[in-house]
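Here the chain labels run A, B and C in written order, and each chain numbers its own residues starting at 1.
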Amino acid sequence: MKRAFAPLLMLLGLTALVVLPLAGDNYIIRLATNMLMYSVLGLSWNFIGGYTGYPSFATSAFFGLGAYAGAISQGHGVPMVLAWGIGAVVATSFAGLLGFVLLRLRGHYFAIASLVVAEVLREVVNSATDFTGGGMGLNLPILRIDVDRLAELFYYSMLSLALITLATTVIVSRHRLGFGLRCIQQNEDAANILGVDTTLYKNFAFMLSAVFVGAAGAFYASWVNYIDPTDVFDILLSVQPIVMVLLGGPGTVFGPIIGAVAYLALEEIMLSNLLSFHSGLLGLIIVILIFFLPNGLFGLSWKRLKRWMGISSAEEAA
Amino acid sequence: MLTVQILINGLLLGGLYACIAAGFSLVWGVLNIINILHGSFIVLGSYIAYFAYIYLGIHPFLMAPFAGLALFGLGYLLQRGIINYVVTAPVLVTLTLTFGLDLLLNNGMLQAFTADYRKVNLTHPLGNWFVGDIVVPLDRLAAMLLSLLFVLVLWWVLRTFRIGRAIVAVRMDREAAALMGVKVAQIYAVTFGIGAVMAGTAGSLLSVIFPISPLASIAYLGKAFVVCVLGGLGSIPGVIIGGFALGIIESFGALYFGSEHALTVSFVLLIVLLVVRPTGIMGRKGYE
Amino acid sequence: MKEILDVKSLSRQFGGLLALDDITFTLREGEIVGLIGPNGAGKTTLVNSVTGVHRATAGQITFSERRIEGLKSHRISRMGISRTFQVVQPFPRMSVLENVAAGSLFAGHASTPNEAKRLAQEHLAFVGLDREAEKSASVLTLAGRKRLELAKSLAMRPRLLMLDEVNAGLNPAEIDAALNLIRTIADRGVTIVVIEHLMRVVMNVSTRVLVLNQGKLIADAPPQEVVKNHQVIEAYLGKRYASAMKDAR
């Protein structure tokens, strides 16, 4: 009976997600699409930040690259979904190259270097006006479908991406890759001696943290029809997923999703009551969450609950 | 001759950059916190000097120590009240927390002062000093010298006074210092406060030279970081050398890439440095 | 007996310091070799150089007819060399079982985490930690951690096992237990190098002793001959040797 509880819950959740567009209006659908997108960002960051313990702030770099790759492709007539794939490929290739350089660094140095890369990228894209439209941004072709169908289309696309990312997380957590990443996080030198090819594993995790983010970026470009550098290379795209994952539980399978939902729900509630001072409010939310919940929503006792529900395994409860 | 001018420009910047980075380096070295708020502290210092000049007629150079002191209070309270609780937490947590606090401060300033760039227009500027073909703006020279002075005062305070030695002790070995009776939480708060003082002072001096806006905070933060990595963490001499190095590099960078890309040039340099020689020019290992 | 490890003219320089100076020796399969020397002689550096933690500045290392100097640690570990650390290095937030399973999974022959955990049970039983399997590695006592370290390195299925001060901090009863384990491991055909400060351990368990002093190899002989070696006595204090000889009788 215990064993059946968790899968049953997940099935219920999945069903709810699938039928949502039928029940809600476009506003709700957009909100849900946004939540799913941030879930993807959080789950992706989780690979390098949660499991491997390398505090990456490069998420916005991957997102922006994916957005521009997708937008430029679509501008040249590439079909939308294929453009999303291109976004993923470009972001992942960049992560592969970047990882080779950055993953030798640790702690603060790695964090800041990854942050700086995103800034440099933004500046470069901003300056390459001929290619990217520079500061004036890029417009994307609008699909000739009615608004409701459009909202549904994007919703289901993002849902699929989120499910793929989640499935990948599950596979990694059960596979030797996930085990190895956790070893790296807890003692990288010992992991090396034990036979873990740490360079390979770290690079792989870093690329995993880019592939779905790149797709999400390209998706975002199609969704909003207009992008500019400040928008898609925004540092908040790196910081918010981190806060969400910290909230929900880093290095776990469902933590990032729970964190994303909780965070965005909180933001929605606070913002619908206060119209101005937006960024500052984000700052307040971040400060409050980090300060009052340093171990996330799930402290020790909740970890036991998750274990009982069969969601997490013994080591995550320890 | 152009080369000499650029060199002079770089040196003039260098002293300022040392002042920008000194407080940041101290906080990073002692508390192992990268203080994202540092850039906004500097901007706040600039605003204090600006308004003091407009409404009270006090010259920013004179205002510098007072702007510093005002920020001490803010820094001390922030550390004691909030940041202290996560001082021992991993990099992620402290970075994200100071990031959130910075969002608050920066947005507060945006709301209060708007994003419009302001400039301190001195009614009695010192003018320029001409050495052959070389132009040396005297206000900049004065700002640079004052910056260096403040940095050296900091160095002197750290070496001479008990509080300074307590700070160094905590940096070297927190537990041993606590066993010796040093109130570590207090020292952390004071150190953070001192970091804020240096930021406020720097901001005041900078207000004479650079335009003031909350949008500038990230640039100052970036420069502080590059100076620390260039010069090596945890030493005042390192900060001074790093400051001058960055000033010169930026000046030549502006010549080749245009001054609007100065920050990007610094950042690329930073990445290269981190990969090739993270211990900086002085070769001392930083805190990870 | 077949040669398993061949070290030729190995040198390792750290800046101005020559930590290992032209070291040459050969290990044969099944031997238990003691590695002794005063503090700072270079024993751990030697182990680090063989296991790929440090790159040798000069010289060759051959393991089972394959040259391994310059290879990365994880490759060398998978080839069949494992070692314990003087300061034990567990994965603190994992259970005892998982710590050992990591060894099976990445250097041993397990192909999935679940298989590795099953294999790990055997190694835990061997060192006597099977009842602590589900506990977090960080709650073990020092003796427990040393045994965990040993179990981990055994899980890697080594052909050459290098034990670095595995007895440091243990009481005499614990040391005897450790010695028995070492002999049993050797009986299974594993070649063992034991770095030790305690002379009675070395005398009791090794068939041969290598002595390092200031980076140089000053003796390579059976234990009884080594203790009579003039250079060795000079490297250590005379009194130490005398009381160790009494213990070994």
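We adopt the following convention: a residue touches a chain if its C-beta (ideal position, glycine included) is under 8 Å from a C-beta of that chain, and two chains touch if they have at least 3 such contacts.
What you are looking at is a predicted structure, and each value in this text was computed from that prediction instead of being measured.
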Centrality ranking, top chain (CA atoms only): A
Result of counting contacting C-beta pairs for A-B and A-C, higher pair: A-B
Between subunit C and subunit B, distance of the C-alpha-averaged centres to the nearest whole Å: 50
Distance from the mean Cα position of subunit C to that of subunit A, given in whole angstrom: 44
Between subunit B and subunit A, distance of the C-alpha-averaged centres to the nearest whole Å: 33
In the complex with subunit B, residue positions of subunit A that touch it: 49, 55, 101-102, 104-109, 111-113, 116-117, 119-120, 123-124, 127, 239, 242-243, 246, 276-277, 279-280, 282-287, 290-291, 294
Complex interface listing, subunit C residues touching subunit A: 51, 53, 72-74, 77-78, 82-83, 85, 89-95, 98, 101-103, 105-107, 111-113, 134, 136, 152, 156
Parts of subunit A lying in touch with subunit C, wherever the complex brings them together: 174-176, 179-180, 182-183, 186-187, 189-198, 314-315, 318
Interface residues, subunit B side, partner subunit A - complex: 28, 32, 34, 82, 85-86, 89-93, 95-97, 99-108, 110-111, 218, 222, 225, 261, 263-264, 267-268, 270-271, 274-275, 278, 286-288
